Amino acid sequence: MKVTIWNENVHEQREPEILTWYPGGIHETVARFIKDMPGVELVRTATLQMPDCGLPQDVLEDTDVLFWWGHMAHKDVPDELVERVYERVIRGMGLVVMHSGHLSKVFKRVLGCTGSLRWVDNTYGRIHTVMPSHPIAKGIPEHWELGIEETYGEPFGIPQPDELIFIGWFDSGEVFRSGCAWYRGNGKIFYFQPGHETNQSFNHPLVRKVLQNACQWVAPCNVVPKERSIWACPEISQTFERKTFEEILKEY
Amino acid sequence: MKVTIWNENVHEQREPEILTWYPGGIHETVARFIKDMPGVELVRTATLQMPDCGLPQDVLEDTDVLFWWGHMAHKDVPDELVERVYERVIRGMGLVVMHSGHLSKVFKRVLGCTGSLRWVDNTYGRIHTVMPSHPIAKGIPEHWELGIEETYGEPFGIPQPDELIFIGWFDSGEVFRSGCAWYRGNGKIFYFQPGHETNQSFNHPLVRKVLQNACQWVAPCNVVPKERSIWACPEISQTFERKTFEEILKEY
Amino acid sequence: MKVTIWNENVHEQREPEILTWYPGGIHETVARFIKDMPGVELVRTATLQMPDCGLPQDVLEDTDVLFWWGHMAHKDVPDELVERVYERVIRGMGLVVMHSGHLSKVFKRVLGCTGSLRWVDNTYGRIHTVMPSHPIAKGIPEHWELGIEETYGEPFGIPQPDELIFIGWFDSGEVFRSGCAWYRGNGKIFYFQPGHETNQSFNHPLVRKVLQNACQWVAPCNVVPKERSIWACPEISQTFERKTFEEILKEY
Amino acid sequence: MKVTIWNENVHEQREPEILTWYPGGIHETVARFIKDMPGVELVRTATLQMPDCGLPQDVLEDTDVLFWWGHMAHKDVPDELVERVYERVIRGMGLVVMHSGHLSKVFKRVLGCTGSLRWVDNTYGRIHTVMPSHPIAKGIPEHWELGIEETYGEPFGIPQPDELIFIGWFDSGEVFRSGCAWYRGNGKIFYFQPGHETNQSFNHPLVRKVLQNACQWVAPCNVVPKERSIWACPEISQTFERKTFEEILKEY
């Protein structure tokens, strides 16, 4: 599995203290615990400051799972890149969107949603696992302490998740659908709420475990070949050939 | 629409102070605000103490929507009645299960679930509406104060709801899928968390509004005739008659 | 309820024989059977040829349910109109997309999907109702003859429906998720497969019944006021005021 | 992963010609292609004729995934075994129900459904993959020839699947939700339509591939310890201890 971690990497440059808890930035921090996973053969990082935002088409084609973190520079991500990411997800690439990525062009494009929510800084949060049978919940307790985090509250402007795995509780009286999974075309998407740049969630053992599980879960099952347009609507024939069992055994 | 409100009606007799906030008992209280609804032609009440628990087959057949409240006497509800209610729901009768009904034989039978959860008395609760487009959320604010209520916490032993409409927040650090909707056969089911006998939720204007909306939503759309067994697996023919558009116009 | 029927109205002008089975065009045909519905106070029609495609903002604001039919001129619908329709749906307007509207900019924008599928002209179709408890299936048989129709086949490039109500069968060996419902923001969307310009489906009594049911089902439950941006992410306070039951009674 | 294949094994004894295409019976046939899978450490078979139907509690406790095939002897499966299987699924054991198992007590108990459907022998079937991103669809074509099989038709008496992966097409004008996945408690369930005793589907390469994928997918992620009752509703405390990030690092 080849993974690419994308980070806008702007906060890190304006508030260098972030580097004290996230050495090298959020992207390098996430890359370190994804590298540890079995079956991960390559982890790349990419940032807004790189040519093509670090995501030229050959990198996207060579990526099975894309992680996305952005916040203050969403608008600086080129629309053509957003379309290329969308097309790649529909063809099968997995996508994991973290925290403030809920307003990224990529998240909004892939789900057709607004991604809007209500928020406040630094209240105390807990997370409840409501779908313990889901692979992304593997090894995660039924409820656990997130600690001080940026608080997100409902209504969250998303399509009803295909699978709602985690619900967050916050001191401020908020609940939040913190861990949501969707199937889109040949791709899978997971959104996870923790990860504010001035908190420590990416160093939280269970946040790391959830993101590792998510990386495994969104990995492609069937990929549409790049030669085939995701927009194609082929004409088919009015009839089909009925096959004998012997022909079936030969064909498959 | 004909509605029947079922209540085990045991707490009311042991703790008569309940009658001071719920005159006549929980069943009479719910009946009063359901009677007010447009399109409701008849509201019956039924209790554990009545012959056949107040639900002989002719009453079930004449019921479009059944409300269910129970707590300490779940085990006293006869299994044959549970089977009759199950069969009636699958044929189209709507079912609204309230509060501690999560452990009723009827709820567990209709969904095949355990209904288990975690609980504590009397903490402060709020409710968040996460599906504002749902008919059961009509006229309900995005978030609202439930006040002091018996607290329920996850994991809630239910199938993933077809529609998760409300999520509860409680002071004790719990979240709960407070308002859940399911489709089963020709029937629809709604579960709503508020309604402990020693709190006041059935006098809460928004709790009443949610239950009124639920009564409308679970009302039958298509009913399987009682002559037809819900268990029947009819053999069909190997071919069917292709109809011309003129024949279609005649048939439908 | 105020309904607007949008039709690109191009085929009607190039192949006037369409007007023999759809007098005035597809939009006028749909308008006639929607007008018959109880609770419908106004039905407008709008076409690509009208100023602002017949959908200036004041018309959109005054529309509770929008029907959409398009085929050969999808690309001629201005992007700014598509954004206005998207914003209106998220605020609560219902949307019913018919047949070849699966490739309309509006459908693809609201769901973030490709809308791609496989197709062939004129094979024989049947429709199976797999969710008889859904309001859109009210009065619709378990399986019924669609007759000769343009055939659509899977894979259909849509998000897994929140509710899959109808599945189509076609002589050519295809199945199709013919009737799909989604919740998005405060809005509801229904897609229905029948309705090719050279077939007769809009004169099919059950197709009309399904579209009438859909019009009722997608009607708004809660509308976001136009002053409020669907993109807004308001900051909230770190605490909230706990209310007594007396204060709750006063507030709601 | 430890797998147990359960088969009622009655047809095999009355119609020994079945053994010519399924040597040793359906259970041995399925066992052979499940044994081939990576990560499968043990495959057991169990039949109705064995003591405790081959499923004493120690075998169930030692089973990660249970396959189930039954048809004419559903009623002979003891209710106490059905309850033990139910309890084990809710605690995390995966369940794969095949073909006529749709009427087994186990299937109906786990989902709370009737499992009813319409049927006819021996028409020609095809299968369409409508969820290519799902792990159970890995390596399965978009549409493929099932060949002559017992035909099942809608309405299928099941809860709306959490994930609808395959839809079947049959010559007789039927469609069927052939591949359905559900999450229940800590367990996962998959139902797959092919597998009539007098047809050859368990020798079909793609049917085998789907069942192998399903075995992987339903495997447990989190298991409830047997000491803990699935029915337990523990009381919790009214408050919880807020943890510092340092305490969180120590705890998890």
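The first chain written gets the first letter, and so on, giving A, B, C and D; residue counts start at 1 in each chain.
In the analysis below, contacts are C-beta pairs under 8 Å (C-beta built on N, C-alpha and C of every residue); 3 or more make two chains touch, one makes a residue touch a chain.
Nothing here was measured: the structure is a model prediction, and the numbers come from that model.
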Subject >> Co-neighbours of subunit D and subunit A - touch as defined >> reply: B, C
Subject >> Length of the shortest touching-chain route, subunit B through to subunit C >> reply: 1
**OP:** Using the touch rule from the top, work out which pair, B-D or A-B, shares more C-beta pairs.
**Re:** B-D
**OP:** Tell me which chain's centre, taken as the mean of its C-alpha atoms, is farthest from subunit C.
**Re:** D
Original post:
Where the centres are mean C-alpha positions, what is the separation of subunit A from subunit B, in Å?
Top reply: 37
**OP:** Report, in whole Å, the distance between the mean C-alpha point of subunit B and the mean C-alpha point of subunit D.
**Re:** 30
Original post:
Going by the touch rule set out above, which residues of subunit C reach two or more other chains?
Top reply: 126, 131-132, 153, 160, 162-163, 173-174, 183-185, 240
Original post:
For subunit B, which residues are in contact with subunit A within the complex?
Top reply: 126, 128-132, 142-143, 153-156, 160, 163-164, 167-169, 173-175, 177
Original post:
Hey, which residues of subunit C end up touching subunit B in the complex?
Top reply: 92, 124, 126, 131-135, 137-140, 144-145, 147-148, 162-163, 183-188, 200, 203-206, 220-222, 240, 242-245, 247-249, 251-252
Subject >> Complex contacts: residues of subunit D adjacent to subunit B >> reply: 90, 103, 109-114, 116-123, 151, 153, 157, 159-160, 162, 171-174, 182-185, 230-240
